[in-house]
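To start, the structure under review is shown below, and the notes come after it.
To keep things simple, chains are lettered A, B, C and D as they appear, and every chain counts its residues starting from 1.
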Amino acid sequence: MLLAALPDTEALIVPAEATDQHQTTERQRHGRPNVCTMGAYAFQGHRGAPMRETQANIERVTRLNAHIQRLHLSIEDSLNTIKPGQTVLARRFYGSQPEQWQPYLREHWWPVAVTAKPGHPSEMTVDRPTYPSYDPGQQYTLLGPVGKPFAYKRTIRQVLMIAHDTMPSPLLMSTEWLLSNKVNTTLVLSGKAVDYPVSELPKELEVIRSDDKLQWPNRVMTVGWADQVFVAVGQDDEMGRFKEVLELFKALRAEVPKQYIFGVSQLIQPCGVGACQACTISLQGGDYALACLDGPALDLTALHLP
Amino acid sequence: MSIQITRAGKNPLQVDSPVMPAAGTMGFGDAYSGLVKFEKLGAFVTNPVTYTPWNPASGARVVPLDSGMLIHTGLPNPGISKVMSKYRDLWDNFAMPVIVHVVGTSPEHVRKCASRIDAEHAVDALELGLNDDIPWAEAEQMVRGAVGNTDKPVLVRVPFTDALALAETADHAGAGAVVVCAPPRGSARDPHSGRMVTGRIYGPMVKAMVLRLVEQLAGKLEAPIIGSGGIHSEQDARDYIDAGARAVQVDTLTWIQPFMLERIARDLGGLVLTRPAGALADEWFPGMGETAKKARDAAKNKDAGQNPASKKSG
Amino acid sequence: MSIQITRAGKNPLQVDSPVMPAAGTMGFGDAYSGLVKFEKLGAFVTNPVTYTPWNPASGARVVPLDSGMLIHTGLPNPGISKVMSKYRDLWDNFAMPVIVHVVGTSPEHVRKCASRIDAEHAVDALELGLNDDIPWAEAEQMVRGAVGNTDKPVLVRVPFTDALALAETADHAGAGAVVVCAPPRGSARDPHSGRMVTGRIYGPMVKAMVLRLVEQLAGKLEAPIIGSGGIHSEQDARDYIDAGARAVQVDTLTWIQPFMLERIARDLGGLVLTRPAGALADEWFPGMGETAKKARDAAKNKDAGQNPASKKSG
Amino acid sequence: MLLAALPDTEALIVPAEATDQHQTTERQRHGRPNVCTMGAYAFQGHRGAPMRETQANIERVTRLNAHIQRLHLSIEDSLNTIKPGQTVLARRFYGSQPEQWQPYLREHWWPVAVTAKPGHPSEMTVDRPTYPSYDPGQQYTLLGPVGKPFAYKRTIRQVLMIAHDTMPSPLLMSTEWLLSNKVNTTLVLSGKAVDYPVSELPKELEVIRSDDKLQWPNRVMTVGWADQVFVAVGQDDEMGRFKEVLELFKALRAEVPKQYIFGVSQLIQPCGVGACQACTISLQGGDYALACLDGPALDLTALHLP
């Protein structure tokens, strides 16, 4: 239960304005220390903009493949400071019609890109499974930003992203940001991820298709080069799969240091604000993190894996 | 100007609005600070705490259901002492009373928690959560233990199973108020892993079932009833009041539509207080907010003649 | 080839598929004749009957809920004698056993209904429905009264409230099978008139709550358990079997998607019977249909040495 | 509980093919008498085609006014023999997508018109409130036909239809049929019904707008002329409103004979087949009818009104 093993946050950077003066966090606004999730481990010091409820409008829906559709949304400007790695919890807005409670939980949306357009509403794109169906004109309310931006080593040059039996969407906004900051980035698509349409990915991104067992040519080299690794996995057993990946890296590298490999948790988040305790992730030493406050990216070496 | 939601006694609990969150839905007070106007709530009920720390449940914890959900967290918390020391200052700044929810683990631990809360200036009341399949005798022992170890009101939240009998048990044992009730429990399959998960069930349909329990209990208890289960609209909350509840607790609606909690609190604050004067149900009670709170605290300090340096009267 | 769904005794009930409708959902046998293939059902359970005629409830009777509904009919029926004389011939032509649901009004009336059913060749078993807030002693008396007045199996459908205790009571009192359980009751507002209606609650969410009750009872009763509540898919039905139920009853799904009842009956017919041989869950049991029914009837006649002119063996 | 007071069914006709040989009813197919609803009163002898589950497709949606939208559906030919007065119970068909249980109950649809088109799918139009929303391309499954066709006296010349605080839709298909059979028909729109767009009604139909209390000019004359009357009312208190209307007619006419004034019940029908007993309507003498089997049109003089 101790808040031990706090990472050396000074050595990490988070994208863009996250360290700006005006990015007061909820916690800071209450004049209380940053490490305040009940019993939770704080991975990074910054959350970015405070969480708000805002509205969004579906402008276009495009089909990426048989399983994935992309929503193009206009969003409120206050949300366009959302950082790579942060998410929103979305719910259809029914206006004057009776509220619907099916589906009940808010949908967890992972922005693929967010753009501010002077004189126009800001835009956000998200990838969603083809079910449920979305239609242009539908309004949503978004709770966000949820969670913390991905944090990178200051000296970063090579990042490895791995999507294993899941859509790569949780990694894409970060990938885009890294590439635009001249960080070499490689994306490994494995299992259910291999069908993701490459045409939708940035040209500069190196894409590797792995087999179901995370085997790909030159694997040792790819892993050796990477300064940091971010992994998203299938939801049948997130912790079990994180463990597999961590063990693979331990086998492929001399050492797996702290702040080197991160699991990007896609656990269901009923509240997204640290209230419901449904997104707890056990840490070594008996403490726990909350995916919604401390994630979504969690240092795999700090987790208590099964 | 205020509603008394626990039975008469040394420190009856007064609230401005008969609306509060249900235990486990709003954390310990910092989680919704940017999204919900806390000062509009009648009271703040904390997440469940235990005497010793509890670890989170392992495995899948959320199963989406049709118009609802099943959740199984294991009620992780670092134990009452850590919670107190961490949140005391925050609670002290709240305008409304703070009710700490204590999980009914064992009579001994409950007694210890009650003593701890009795000594804690930042806390106004204790809510005791009874386990789902608790025998009547043990429930009685636990309630008496809690009531005997604090001068503050002890609300008792009965489980859905056997709610009627346990509500009467809690009432006889001296509960300051009976919260009807904890969410029903059930089992559902995690769609990702295919594994069966047992946990609490939430959704608008729960309201229909719990409302009937409140109807059945109305008029049978000495302690006021607080209705809790599946409230998803102002009308849902009013239905509980109409059925005989003195106040209500809003549960998972806050996760889905945070602003609704404030809306219901504003609505019922107006409704209950203006109705006796024959006003329309949507008329607003003008004294709501800081003014009434200050008046209440002043009255409390004068009447009770204790806690002279009341935290909130400044 | 067939599944015995009541405990061993004089006339244990054998079914080809462990799937039947819940009382009150399919009328008396003529309502769904064009829409559901009755011969695929393991058994047919009638709408509830009482000894004397019951009139319909007045006022609003259906309240749509989120992913469910509340219904309050008052169980209108013209009394057991009229029902028998009207439907006897129809039931006699059914390929599967007929179970008449008797409302647990009073011990005396239940005894009389049991005698009536005992004498009725067209009926294979009695299902006794216990009222929602029935005391244990009265429940026991009613079950004993039913069991004592017929050689046919007596299934007991326990209410949702206090289901665990009443299931054990029914088991001790000699129930041939325990149906877990009747739908939960609740109160909801008729959206048209604004009036409060109290009645039964149906919907997929009920399954999560009742499934847990079956899990809790599994292994504790001598009589087989029949799971009943909120089944809306083949997987829902299988979950009950996996949890320890010998058979299931499908309720309002039949109103919403009539063909699903047959699909579930076919699916579980295959599942349960082919699984012991290690076959895949979706493999079909080849003997299902008339053949198995004839073999069952023949075996029953030979073994029991009674009912020599069995209605269905021709 | 006696099946007493059976009306003289011989004196009544039902539209079109309802008496054809091939229109075997469910009840007839079981070789059992027509009067077989448990304890229920049989108003007419014929139900038309047997109930089936069929599919339908929304082809067009038009907005009639702020409260009403009209669905144009293609239906299976087996349903195009549905008679004026009969209805269908509709449910969205989700195909390969997960089944949705919200809304739970089937929607009760009242056809406004049904047309067979050789070489094309048959068409059905229904009027629905503007909530929920319907979109072209959506598929539905229909249980139907539900209930019995309206039955008219053989000598009928003048029919009065009254929609009081409800959409007139339950009366429109019958109105159309009557006019095409040269029966003079008058439609009274009262309360919430007054906004119904007249442009959508047949030209030959006489439309009267009444006030909220069912007062309109020449009321005594209209009522005196009518050979038969069909009334649909608001759902806040259907039986109470039927009683009001019956009492109004008793006050306006020397006598109100049997088979003269019918209430068209719009009670919610969970099953539509006589199983659930939720649509029971008490009759004089202690017996009861089922709106789904014996209705929707029920002789008001036979009902036990509050």
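Everything below uses one rule, namely that a residue touches a chain if its C-beta (ideal position, glycine included) is under 8 Å from a C-beta of that chain, and two chains touch if they have at least 3 such contacts.
These figures come from a predicted structure and were not determined experimentally.
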Where subunit C and subunit D overlap in contact partners, by chain label: A, B
Pair sharing more residue contacts (C-beta pairs) when A-C is set against A-B: A-B
Inter-chain centre distance, subunit A versus subunit D - centres from mean C-alpha coordinates, in Å: 55
Where subunit A and subunit C are represented by their mean Cα positions, the distance between them in whole Å: 49
Rounded Å distance between subunit B and subunit C, as computed from the means of their C-alpha atoms: 40
Where subunit A and subunit B are represented by their mean Cα positions, the distance between them in whole Å: 34
Residues of subunit D whose C-beta touches two or more other chains: 100-102
Of all residues in subunit B, the ones touching two or more other chains: 65-68, 203-204
Contact graph of the chains (line, ring, star, complete, other): complete
Subunit D-facing residues of subunit A, complex: 97-98, 100-102, 131-133, 135
Subunit B residues touching subunit A - in the complex, by the definition given at the top: 24-28, 30-35, 47, 53, 55-56, 58, 61-62, 64-69, 71, 73, 75-79, 82-83, 86, 89-90, 192-194, 203-204, 232-233, 252, 254-259
Subunit B - residues contacting subunit C, complex: 65-68, 70, 162, 184-189, 196, 198, 201, 203-205, 207-212, 215, 235, 239, 243
Residue ranges of subunit A in contact with subunit C within the complex: 100-102
Residues of subunit C that touch subunit A when the two form their complex: 66-67
